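Two complexes are shown next, each including chain A; its partner changes from chain B in the first to chain C in the second.
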Partner chain A sequence: MRAVDIFIQQILNGLSIASVITLIAVGVTLIFGLTGIINFAHGEFLMIGGIVTWLAVSAGLSFPLAAVLAILAVGLMGYGLERGIFRFTLERPTNGFIVSLGLIVVLQHVVVLFWNPNQKSIPRPLTTVWEVGGVRIASVRVMVILITIAVVALSFRMITASRYGRALRASVEDRDTAALMGIPVRRYITGVFVLGSALAGLGGALLIALFPITPFTGGTMVMKGFAVALIGGLGNIYGAVAAGLILGIVEGFSAGYGFSQWTDAYSFVLMILVLLFRPHGLFGGTSGPRMAS
Partner chain B sequence: MKTVLKMGVSAAFCLGTLANPAFAQDADNIVKIGVVAAESGSFVSAGHTLPAGVGLAVKQINDAGGIKVGGKVYKLEMVKRDDRTDIATAIAATQELVRDVKVQAIFGSETHDFTLAMAKITQPAKIVHFAGNSTLAKILTPDTVKAGGEDHYLFQSEPQEFQRSGSTARGVLTLLEPLLGYKPKKSVMIVGNDATGQFLSSYYFKALKAEGQDVPDIIFYPPDTTDFSPFLTRAKSLNPDIIHFWYNGDSTLTALPQALELGAAKSYFLFGVDPGIWKEKALSADVPVAMSCVPVCWGESSNPKAKAYFDAYFAAGAPHGVTSSVSLLYHDYVHFLAEAWEKAGSFDPDKTVEALLSIHHQGVVSDDLTFNPTHQVTHATEVCAAAPGGDISCSMQQPPADAPKS
Partner chain C sequence: MIAGAQPNGPANAALRSLLPVLAVLVLIALVPLLSPSNRFLSLAISAGINVIALYGLSVLFGQTGILSMGHAALVGVGAYTAAILSRDYGIGFWLALPAAALASAVFAMIVGIPSLRVGGHHFVIMTFAFGQLLAIVLTNGGDYTGAATGLDLTGPVTLFGADMSDLTRYYLMVVAFVAAAAVASWAIINSPYGRTLRAIRENERLAASLGINVGRHKIGAFVVSGVFAGISGVLLAHFLGHISPTQFASFPSIYLALMVMIGGARLISGPLAGGILVAFLPEVLNLDPVQSRIVYGACLIAVILLLPEGLIAGAVQAFRRLLARKPKQEREDPDTTCTTPSEARR
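== the complex of A and B ==
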């Protein structure tokens, strides 16, 4: 295999890593950046999305239908948790953070209890592998990249150009004034939480299309999601995409050419540096969760 | 008034029950053995096999009437604790089992560095401790295991790593050669970068070199990696005959489909992946794939005793796991320990150790399980290979007598 083929292959590898991370990061950046809820159980939402997809595919449903079910199920779960738990922590984000840590253990063990701790996988929804020169491109990875681009573009459009998005951003700037202007702030917060959760559901469906998952898959993914969200700038979808891309390429190249065992460390070193020198992220964002209004 | 009467009757009943010699004897005749294992967290697929294997042995012993020690019959009771793949939890669980539950013996954990920490608690307390991990070789020396030594009560229920690596490497190369149609010369290892991965791979690297392999790179990946494509692309650039995924089984099963997609090598070896999982998941490959079990496979074993064992193991409710066979590193040793207690005629830890070192135990893994003077066992490892068409063949590989010269 020629060196140039290896190089191109590593760029393609980086893109697919970036797409999954970006999808998580967009959910994190929306929820954390726009509502102030620090939901560290977001990775478990992703895992539940994967489990729902696995259950649906095992029951004979097609992958697209299973993915839709995962989006709906995790979105509904997000609605229930926001209305039932997180809304009571909005004035005290630290409480919400602790609650989310507890949720990690609860959600993991509920899945272990009903479906055992072993790996779950589904047959690949697309199996074609294209070979261009010496480079191999798996169609399922291309599918994941394209879906991520479409979903992120839609979310970006919604946040930046829609009436809902403008109202949401106004709420982030000043909740009280936004409320006085007639914006139903609490309902918008619920909406963002449900949207972020649904994205995690989709992420889980896409993840299990690529790799097997376990009840404990969420942990690493959410750490990277938070890192990307912070590097890109909280609440900044464009920033999350750019940071996800940077991280994906950095991880791909470090594994391919550098000290492979340090691959994960690069993400977090980059996050620390960005937080030190650009506290609002590389591309600017909200100031993150406000402790009390 | 009624409530007072009820309370009085209840209290009298409780006191009467406690004073009853039969009740007291029942409590006295229970011998508790502890299990510390990862029933959750990243090491769960191997971890949950420990209580399953120990629990099955305890049930078998109790169903057969228990153990007879010093003229009295005792039943065994397993007390298990989940270490959550977290070393602090493992240490706390061990302390609880030793100091509060007062177990007579401890099994686990399967996570190598955890066991080293646990031994710091079990050994001063003179608790007989079995762990199926080869890292114990670091501390099991003639000086430490002698009477009065700091690890006198610690036993390694897995062969020394040079033995396991040696038999595995030889088995992999032997089984893959006819399937490849030529003698493989170049190998690349892909290994999880944790204490266990680093330890195991250092031995396997030497074993491959001893078999004449050119090993240009050992590629370490961070634990919990799911996307292996950059690591595999790096391996592919070296044009290997075999990529060896050495540890752990779950990661390996995640990596293999990606390796096949990338066409990373001409053949693969998956450490700790049972051919039973290969068949159950209907896996397939267009190139030969070797697998090894720790120590005997449940899916396609060439060991006649293994089938009966795994039938009972799965019938007891244990899930079909990628490394279900790890349970055998514990199951056999509960029976071994029971035999030692019977032979010693006592639960005294020193007499128990003496008995353990003198017994030739008939287990599932081997008809002649014995501990050497440094408290380590020797037995074969089963290696299998799946041909591109799907046929799987397995063979037990005997370990080399000596470690390769480094």
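== the complex of A and C ==
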């Protein structure tokens, strides 16, 4: 392969990883940025999305159907957890964070308990590989990228342009005033949480289409999600997409050019630097949800 | 209640919070008389080593109100310091103790200065990221850190010429260290310094307006927690004889935070109770590791939602409430528990 082909190849590989990271990051940026819930178990939501997909495909369902099931299941789980647990921590985000750590431990090990800790994979939903010049393009990666673009664009439009999005942003600006204007703030919080969870479910389905997953996949993925969300600016979907692209491509290159053992370090280093020098993110965001004094 | 405890000097009352812990530790030190199994002793030693680290975490979280998700990383710095000193310079246990305490304290400062600058919830995320970074660096450290397989420690731990590597002796030594950690953390809590930290916890702006250098004291508390962690790391490294990066990544940190919260971060008995409970509950309930982790996670969630001060404080409060049905009198406890609901919520 020529050097330029390798280069393009790495960009493509990086883009598909970036897609999954972006899906998590959009979920995190919406939930953390707009409701103030710091849910570190978001990576486990993703993992469970992957597990549901794996179960459904193993049971003979087609991949698209399995992905829809994953979205529904994780969205439902998000609803249950928000109503049952997180809504009691809205006033104390740190407590919500600690609770989510407990949730990580519970969700990981429940999955281990029922479906053992081994790697799980599904047959690739699309097997075609296109050869363009010297570059091999796996259609499954293209599928992941396209789905992510569509879903993120839809979420972006929902937040920025629709009535609901406007009401949501109003309730982030000033919860009390928004409530006085007749916006059902609590219901919006639940809604955002469920939307973010559903995105994680989709992310899990796409992830298992690309790579095998284990019950512990969520741990590293969620850190990347938080890194991207914070780098892009909390609550800023556009920023999350941009930061997700940067991180995905950096990771793709690093893996492609022989530094794969450092791949996981970039997100942490980038995040630490951004928090230090641009606490509102590179692209501007909410200053974090009503910081506890 | 007890006539002897009545002369209510503040020092006396403060001492009252320490005595039960020391009494329990004396009982624990007597356990080898019952000739317990090796398995029990190993479990107890691990629990004790955790408890030492937890006393550091309780100063940081319980007193200053800063939650660190990188505490296991500080333990790891101590453990690796001990292992590398022993390998490269043949330095044994006792000299490694101050060296590791120093190394962990310095690492805490390096992490703390930038992390505390960002403040708020972001601090927690920063400590988490630093913990993960340390594990990655240790894994990629090549021969110097032993990469993913980690390092071995050889050489016995001796005290006045006696070999302490025997399980029972090591157990007694760990109990002594736990007692020292408890006394140290008690001394910090009841010093003017402890009061300063609590002032920061309760209201940072007010504390700053009183002339307290909030930033410096927060970093100070973080460094203090590092000293405890470093000592715990040395004990851990010499006990296990082998250490590896995954032991000090962020998930062990989560378990440490969990233990201190289950026990109650503000009580002097909290770390002891949390460490013992988390170590022995699965034995008592006969759970396998997977089940016990599910139980821990669920406990943590329940504790945060229902008893935010931890199990022990919750039990004490319930007990006091029972007593308070009879003649009700306000008693001012200068120990670190807070009985007013507004404080408890924090």
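In this text, the second predicted complex is superposed on the first by the 286 of 293 C-alpha atoms of A that agree within 3 Å, B and C clash if a C-alpha of one lies under 4 Å from a C-alpha of the other, contacts with A are read in each partner's own complex, and residues count from 1 in each chain.
Here is the rule we use: contacts are C-beta pairs under 8 Å (C-beta built on N, C-alpha and C of every residue); 3 or more make two chains touch, one makes a residue touch a chain.
Since we're looking at a predicted model, the values are computed, not measured.
Taken together through their common chain A, the two structures put chain B and chain C in a clash.
Judged by the touch definition given at the top, the superposed model places A:271 against chain C, while chain B stays out of reach. In the overlay built on the shared chain, the residue A:103 is in contact with chain C alone; chain B does not reach it. By the touch criterion defined above, A:9 lies against chain B but remains apart from chain C after alignment on the C-alpha atoms of chain A. In the superposition on chain A, contact is made by A:113 with chain C only, not with chain B. Within the superposed three-chain model, A:261 lies in touch with chain B and with chain C [touch as defined at top]. Of the two partner chains, chain B is the only one touched by A:217; chain C is not. In the superposed model, A:149 makes contact with neither chain B nor chain C. Judged by the touch definition given at the top, the superposed model places A:88 against chain C, while chain B stays out of reach. Of the two partner chains, chain B is the only one touched by A:136; chain C is not. After superposing the two complexes on chain A, the stretch of chain B that clashes with chain C is 116-124, out of 26-34, 62-70, 116-124 or 260-268.
On chain A, the surface touched by chain B in one complex and the surface touched by chain C in the other have residues 108-109, 112, 219, 261-262, 264 in common. Partner chain B is touched in their complex by these residues of chain A: 1, 3, 6, 9-10, 13-14, 16-17, 20, 108-109, 112, 116-119, 121, 124, 129, 136, 138, 207, 210-217, 219-220, 251-257, 260-264. Against chain C, the residues of chain A that register as touching in their complex are 38, 85, 88-89, 92-95, 97-99, 101-106, 108-110, 112-113, 219, 223, 226-227, 230, 261-262, 264-265, 268-269, 271-272, 275-276, 279, 288, 291-293. Residues 67, 69, 114, 117-122, 124-126, 128-130, 132-133, 136-137, 139-140, 203-205, 250-251, 254, 257-258, 261, 290-291, 293-294, 296-301, 304-305, 308, 345-346 of chain C are the ones touching chain A in the complex. Listing the residues of chain B that touch chain A in their complex gives 39-42, 44-45, 48, 193, 219-222, 224-227, 229-231, 233-234, 236-237, 239, 250, 253-254, 257-258, 261-263, 281, 319, 321-322.
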